[in-house]
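Alright, structures below, take your time with them.
Below are two complexes that have subunit A in common, paired first with subunit B and then with subunit C.
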Partner chain A sequence: MRPLTEEESKAVFTKLANYIGKNLVHLIDRNDEPYCFRLHKDKVYYASEANMRLSISVARPNLISLGTCFGKFSKSGKFKLHVTALDYLAQYAKYKIWIKPNGEMPFLYGNHVLKAHLGRITEDTPEHQGVVVFNMNDIPLGFGVTARSTVDTRKLDPTAIIAFHQADVGEYLRDEDTLV
Partner chain B sequence: MRHCVRILGNFKRLAEEGRSRSEYVAQLISDIASYYGYNEFLAEKLFHLFSVAEAIEFFEANEVSRPVTIRTNTLKTRRRDLVQALINRGVNLEPIGKWTNVGLQVFESTVPIGATPEYLAGRYMLQAASSFLPVIALDPQPNERILDMASAPGGKTTHIAALLQNTGHVFANDANKARTKSLAANAHRMGCKNVTVCSYDGREFPKVMGGFDRVLLDAPCSGTGVISKDSSVKVNKSDRDFMLLSHLQKQLILCAIDSVSPESKTGGYLVYSTCSVTVDENEAVVNYALKKRSNVKLVDTGIAFGREGYTQYRGKTFHPSVALTRRFYPHVHNMDGFFVAKFKVEKRAKVTENNVGVDAVTSTVADAAEKVKKVEGWWFAFFLVYIASDLCVYVSSRGKTQTDEDKGSSCSRTTQGLVSKIGMKAAA
Partner chain C sequence: MDVSNLLAAQASKFQSVTVEKDTPLDVDAGFLTVTDHNPIDEDSYRSNLEEYLKSTARDGIQALVAALYVLPTESSVDGSFAKLPPPTTQLPRAKPLPKPKPLTKWEKFAAAKGIQKKRRDKKIWDEEKQEWVNRWGRDGKNKEKEDQWIHEVKANADVDFDPAQEARNERKSRVAKNERQRLQNLARAQAAQSEREQRKEELEKTLAATRTSTASMGKFDKKLEGDKKIRGVKRKFDPTEVSAEKEKQASLAVLSQLDGDAKRAKIEKGTGDDVVNVRKAIRAVSKGKGGVALGREVSKRSKDSGKSKRGKR
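Now for the complex of A and B:
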């Protein structure tokens, strides 16, 4: 377990900023407790400093996870967000998509969001913008990247893709082993 | 079988002339073993836990599965909202009982209950009703540091984190690395942000970290309480398994006690639980812990129902406070067979003077003899050993009459050993 290097933090923060924009500040400067990012076995964890200090006593081979896992670095140094970060993303998300009940299960099986399943979308969402996907009861289901801006979606036919799938909570069942 | 039960119920009147009670019992046990598919050893072990009629009920209850229950994740939702959401999905459910305000019992469901969007989003956890009990007994308070020693797959861990409201810190340990994967995934799914997952052998624990406010030890066990879930237990457990398991449990419970901080202002508690009903994994382990650590005592578990633990069982007598532990049975409470004990760990009192006396004598005699051996003053050695053995006899007699028989006899054994060793050297 170690703090992120400058390059690594840059990779993580640019990825996060894609979803939560300026709200990123709220993750770093919190009012309640100081929190920090830590790297352990290529995975990035976000935990309060008090918890992190306690976790230091666990030896490296024995530590499995601490706090919240945000994602992992690939071998080529790219950062991939995991669905485990969804709690924080949903809390601070700038752009959101709500999907209808009939679209919930297809999305949870890892499919893209189709126009037919779209319930609601934040007004001024641009193209290729990170969005958090909710169902109509406001339960966060995952996140993705928009394929078109809000204005363009109006003209699309029902089978067109609105948002590309990136992560969904179904991964807790499908990829339990690689998740954290 | 029913015939045997009837006769054993009223032995004096109904028994045939010339057949003893033990004959009937042996007959019944072998019938049970073949009818329900147990090995004889386990059938006998479980049979003796209950009265005859109740034993049959117990074996019968192991053949039916327990109701599916779920626990609301109070970190993310409220029970009322969850019930509404699930009813909309076509699930028929109801609160388990008055003793918990987060549990729900599922009667029937048109969708797989372990794959609904609500489940995946961490609104609830699939968890047996019995698994609520140790956490209720543990009663974690916000801002505490808590250790869950054998935690996979994380039902109890996430329950603890929910009761802490994501404050404080939970250490979730499991010896099996493969199982920590699902543990970590569950902790993340349920939105527990204060959990550290680690994979140690539980017996290493006070060394890794101590000073916990509360410790939950849900010990690895034979699983005789969950036969309805996993019927392989019926045939694959032998005497040796029970011995190894209870040995491991005894080691673990001592480590767990040592991990609790007696100075804790709000806590200082240990909860020991198993999903087994046998006495040697439960009361015997608890009794062992009481004997080995003078600074712990049993306290009330805070669970309103359940049977009291046995204070004596087939010739073994346990500490009277063992009655404060609680047992749960499938045929009585309609949940898995379970055992919960709650300890309060207090500051360690000073070791009693008598024990110190004996220990000190043994060690000084040994030390002195070593030194003397080095300078090879044999006569002096004999003299010393002579005095020492006298002294030891005195101490051991005192030890016997007062408290500690073991220490006294071990002391005189050491002296005897020394005498013979030195004697041999001298002869050479």
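Now for the complex of A and C:
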């Protein structure tokens, strides 16, 4: 376990900023308790300082996880967000998509969001923008990247893809063994 | 009454507080160290080693304690403290002496001519402002000409002659010249490295590259005698335990840097500032009909007003 280098923090922050924009400051500069990012076995964890200090005493091979896993670095140094970060993303999301009840299951099985399933969308969402996907009861289901801007979606046919799937809560079941 | 016997008996019970040796003990109170330069008494050393060592150690400690009691003391709640003097023993340097830096062209010239280096203050007195101002940098004196509100211009100057710009250009060119000279000095220092050294470095690099250029990245190659293990660059990370405040500041610094990058990219792309969301504004004005409809409406209105004017006439 170690803190992120500057390059790594840049990779993580740019990825997070794609979803939560300037709200990223609230993750770093919290009023309640100091939190920090830690890298452990290529995975990036977001943990309170107290938690982090406790986990220092755990040997590297024995430490499975600490705090919240935000994602992992690939071998080529790219950062990929995991669904475990969803709670924080949903809390601070800048752009959101709500999907109708009939679209929930297809999304939770790892499919893209279709126009037919789109319930609501934040207006002025640009193209290729990270969005958090909610169901109509405002429960976060996952996140993705918009395929078109809000304006362009109006003209599309119902089978067109609105948002590309990135992660969904179905992964907790599907990828149970690799998630942690 | 003769008390000399009694005194002698008493004295024999306690050893003397002063240590008498052939060569006086070397006490360095600063390091709390005593060095005994006396030769070892071979007989007692052979016959009773423990006893001998104990007695020499006792003498040393006694000398040290005696030296400590001479020192000036400070009394506090926890008792009295002796103030240790600076150590007198010279310890050897841990690191080798730094290599002398290669001289710059100016330094060489100055040394040849015997020119002494004069320190120039960063601050300089400004007669007009009646205060010390920076020689350069923020509100520096060297920018005075660019910032003054009136300039003297020669009669034969061009129409588009800008004295402030001219002064700025001159200053910028001076900065550029300095940078050029700095780079030249660096290059000269690099070249000063001997030919042989350079060649050796190059060879080592090539050798390291060839050793990892097999299918197994050099893992199953025959080892030659005297082959050293190739050492890569060691990565260095921050300690796991730093103060949260420090870490936060570092994160925020990275974040602000990212913000700067994003802003710069935006400006270069030309999407402009995000003070007004143009699309949203158009929609609000056109009541959701869009920019084309708004344009049509406006042109129609202007035509109408034109007609009415004509009608009046």
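One rule holds in what follows: the second predicted complex is superposed on the first by the 180 of 180 C-alpha atoms of A that agree within 3 Å, B and C clash if a C-alpha of one lies under 4 Å from a C-alpha of the other, contacts with A are read in each partner's own complex, and residues count from 1 in each chain.
Heads up, the rule we're going with is that a residue touches a chain if its C-beta (ideal position, glycine included) is under 8 Å from a C-beta of that chain, and two chains touch if they have at least 3 such contacts.
Note that the structure is a prediction, hence the values are computed from the model and not measured.
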Fit or clash - subunit C, subunit B, common subunit A: fit
For A:S57, using the defined touch cut-off, is the partner it touches subunit B, subunit C, both, or neither? Pick first, second, both or neither. first
Based on the superposed arrangement, let me know which partner A:V145 touches: subunit B (first), subunit C (second), both, or neither? neither
Touched partner set for A:L173, first subunit B, second subunit C, both or neither: first
Determine, under the contact definition given at the top, whether A:L156 touches first (subunit B), second (subunit C), both, or neither. neither
Report for A:N135: first if it touches subunit B alone, second if subunit C alone, otherwise both or neither. first
Counting only touches as set out at the top, which of subunit B and subunit C does A:L108 meet: first, second, both, neither? first
With both complexes overlaid on chain A, does A:S65 touch subunit B (first), subunit C (second), both or neither? first
Spot which of subunit B and subunit C makes contact with more residues of subunit A, would you? B
Once superposed, minimum distance in angstrom between C-alpha atoms of subunit B and those of subunit C? 16
Across the complex, what residues on subunit A touch subunit C? 1-3, 5-6, 9-10, 13-14, 17, 24-25, 28-29, 34, 36-38, 49, 52-53, 56, 123-124, 151
In the complex, go through subunit B and note every residue touching subunit A. 85, 114-115, 117-118, 120-123, 145, 169, 171, 177, 180-185, 187-189, 191, 193-200, 208-209
Which residues of subunit C touch subunit A in the complex? 237-242, 244-245, 247-248, 250-252, 254-255, 257-258, 262, 277, 279-280
Subunit B partner, complex, touching residues on subunit A are 47-48, 50-51, 54-55, 57-59, 62-69, 84, 87, 104-105, 108, 135, 137, 139-141, 169-170, 172-173, 176-177, 179-180
